[in-house]
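Each of the two complexes below includes chain A, the first together with chain B, the second together with chain C.
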Partner chain A sequence: MRYFLTSLRAVFMKDIVTELRARQVLPTMVVLGMLIVWVLRIACETAAGSTAIIGPVAFWIAFLFAGLLAQERSFATEEQNDCMDGLLLAPIDAGTIYLAKLLVNIVMLCIFEIIIVPVVIIAFGLRIGGHWPSLIGVLLLGNIAISSVGTLFSAIVQLCRTRGSLLSILVLVVLAPVMVPATFALLLKFGAIPAELAGTGALAFVGTFKTAVGYMVVFDAVFVTASWLLFGFAIKE
Partner chain B sequence: MINLKSISKAFEHRSVLKNVNLAVAAGESVFVCGINGVGKSTLLRIAAGLLAPDAGAVEICGRDMAKDPEKAKPRLGLISHKSMVYTDLTVLENLMFFGRLYGLADPRRRAEQMLDDLGLGAYRFDRAAILSRGMMQRLAIARALIHKPAVLLADEPFTGLDSKASAHLAAVLEGFGDTDHAVLMTTHDAAVGVRCCRRVIVLHQGGIVFDAPTEGIDAIAFSTDYVAYSGGAS
Partner chain C sequence: MRRMLIVFTFILLTAALWLGLTKGSIEGPPANPDSPVRNIIYAHVPSSICSLLCFGVLFVAAIGVLSTGRQGWDQLAAATAEVGLVFATVLNLTGMIWSRAEWNTWWTASPRLISAAILWFLYVVLIILRSSLPGSTQRRARVCAVFAIIAFLDVPMVIISARFLPDIHRASFDFTSPWQYAAFFLSMIATVMLAGVLIALRTDLIRVNTLLEQEEY
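Coming up: the complex of A and B.
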């Protein structure tokens, strides 16, 4: 257990220090996020009253694509100078490498969210009121979902030559099931969907806010556990 | 110390290693040579646990690499032509990072000691990115030896080094191959391989076709014969 924590911390700190020095991921993520928010805000000008719908959606579009940027980099540093071999030569468990990389991606996305969330709220005039705890909870669950899937597929794709486009395709397809309840939960919180419509029509399967959050919790638990267990196979030659 | 038992490996139906058996005892240093694509690097990657063989087993100091990797891996170090160090970390941070991965009690102290031993002390707070090829290879040696492994694997470690850096690396390899350690090395320079090691094996068509002590072998003559045999390109 002590070695697990030491090695987890070592890989986590190494990646954080590397990113802070290289400054390759965060600035790009922020610029991309700002661009997405700006374009969607301009689009809202064409239809009155659409900010309450597009605003919550802007969160997920920005997080998804910015997350992909971060995840694509998470194994690029290991590829340089064959550093991945250096990691695999050590007696560290492959699952520990995954968890450390996952934590780094979650932290990067959290920093990005701290910057982008106020921008989205101001740009779209969203009213949070007393919903801050539930908003933060939903965003964190979405963050874990995006990071867990992205980290695993980033490692798998690292062994392929067509990595960038393949990562986007794989991650977006796998994340589709969790993006529906994630978007629904925010639309409900920001009043874009009247509470009485929740659980009806196309939204029947996500049900209420609580069931949507429940879907996200289950998705996160399943994907983090499965990815942790499968990671060793993903990085084997 | 290194025991490769009936190792076979194929890539997309092309058989590279066929039932290779190799035992390297403590105090032995073995130079593996053969033409390009014969499977020298594959053999070393299998010995290092980086590549799984299709058949056979690898034992490092009596520990099975597949069944007991946590016990086998700390007993070996690998140097290759790639440094396996992070260019955005400082020289000291790189060594401390690998020291922690190997569970060293005081990684900083050991890292400082390695840097002083290898003449990198003045560079400890510099990013690895600024190091020359020779200095980078010294750092790679420090990385490979930080946890005091019993077995050293060296895959083309002289690639890109100038004569001074090559001589330094050769001295490190010769010094490592004492009674408590074992070395398994490949290099395209047959003369250097014969000089550095006490035993030479030649891989050909998936198997070991020559296995002899280097004592009594003329390094230059061996190198000339080897170049002629390999068609001028090793």
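Coming up: the complex of A and C.
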């Protein structure tokens, strides 16, 4: 256990320090996120009252695409100077490497969210009131979901010529089932959907706010565990 | 033996088609009783079952790849993904025609329709992933297997949504005559057999292709 923590910390610190010193991808993420929010905000001008609906959706669009940038970087950096071989030769379990990379991606996405969430709230004029804890909870759950499969697939696509584009379709298709409840959870929380409509139509997927959050928790648990177990197969030469 | 099975499958398919279009024909929707559109159910339900079954086979093949590393499992997985895509496409297309006839819209965001679309996308992405990885290496087989397992974890949601969630899409169809039951079950058996035959043929073709590639080097 102690060894696990030491090796986890070593890989985690290596990646975080590299990112903070070189600032390879965080500025790009933030600018991309702001551009997405801005474009969606312009689109809202076409219909009155649409800011309340597009606003919560803008969170996820920004997180998904910015998350892709962070995930693509997490193994692309290891390609230079054959760092990947060094990492694999190190006496560390493959699952530990996965967990460390996952933590790095979650932290990067959290830093991104700290900047982007206020931007979205201001741009779309969203009212949160006393819902801060549940908002942060939902965003964090979505964050873990996005990073869990993203980190695994980032290792997978390192073999291909078309890394970024392939990563985006792999991640987006697997995340589709969790993005539905994630989006509706935020829409319900911001009051964009009337309470009496919860649980009908496409909302049957998510039901109430509580079931949507439950769905996200299950998704996170299943996909983090599965990715952790399968990661060794994905990177083995 | 295999040729007999293929011939038998096609006889069954023809019989199911004939029965479905004659004695087992279903009356159209209330607005348009003469329309034969509801006969789609004889292709729609079997292909939905087959597209789910293919994912099951794919999952087993993926586990096989990861645990044994044999090429045969990988070829089976590749074949199953392609056949699964065919059935998922039929499922979505017939579903859209049904939807247009019954609810007057080509697509609507209801749980079952969303999950059927996700199923189709999963197959497409799986095939793209395979084709964009270089060579027929062990590594490609393992990477595809990893993605197949992760994708399979999305499948329970498809089944849950088809059975338990309130939806515009009905969970089961009420047949009125025994002929309709006969046509339905005949088409079900015939389609599952068709899926099996297609997977077997495609696996052979991929195996021959791999052998040819290895010959060239």
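We adopt the following convention: the second predicted complex is superposed on the first by the 237 of 237 C-alpha atoms of A that agree within 3 Å, B and C clash if a C-alpha of one lies under 4 Å from a C-alpha of the other, contacts with A are read in each partner's own complex, and residues count from 1 in each chain.
The criterion applied here is as follows: a contact is a pair of C-beta atoms (placed from the backbone, for glycine too) under 8 Å apart; a residue touches a chain by one contact, two chains touch by 3 or more.
Treat the numbers as computed from the prediction; the structure is a model and nothing was measured.
After overlaying the two complexes on the shared chain, residue contacts for A:Ile115 are found with neither chain B nor chain C. Of the two partner chains placed by superposition, only chain C is touched by A:Leu152; chain B is not.
When the two structures are aligned on the shared chain, A:Leu32 is found in touch with neither chain B nor chain C.
Of the two partner chains, chain B is the only one touched by A:Gln80; chain C is not.
Using the contact criterion defined above for the overlaid structures, shared-chain residue A:Lys236 touches chain B and also reaches chain C. When the two complexes are superposed on chain A, the residues of chain A that touch both chain B and chain C are 236-237. Taken together, the chain A residues at the contact with chain B in this complex read 3, 6-7, 9-11, 14, 17-18, 21-22, 77, 80-83, 85-92, 236-237.
Chain C contributes residues 66, 108-111, 114-115, 118, 121-122, 125, 128-129, 132-134, 139-140, 142-143, 145-147, 149-151, 153-154, 157, 161, 165-168 to its touches with chain A in the complex.
Within the complex, the chain B residues that touch chain A are 45, 48-52, 69-71, 73-74, 76-78, 80, 82-89, 93, 97-98, 100-103, 127, 143.
Residues 149, 152-153, 156, 159-162, 166, 169-170, 173-174, 176-177, 180, 199-202, 204-205, 222-223, 226-227, 230, 233-234, 236-237 of chain A touch chain C in their complex.
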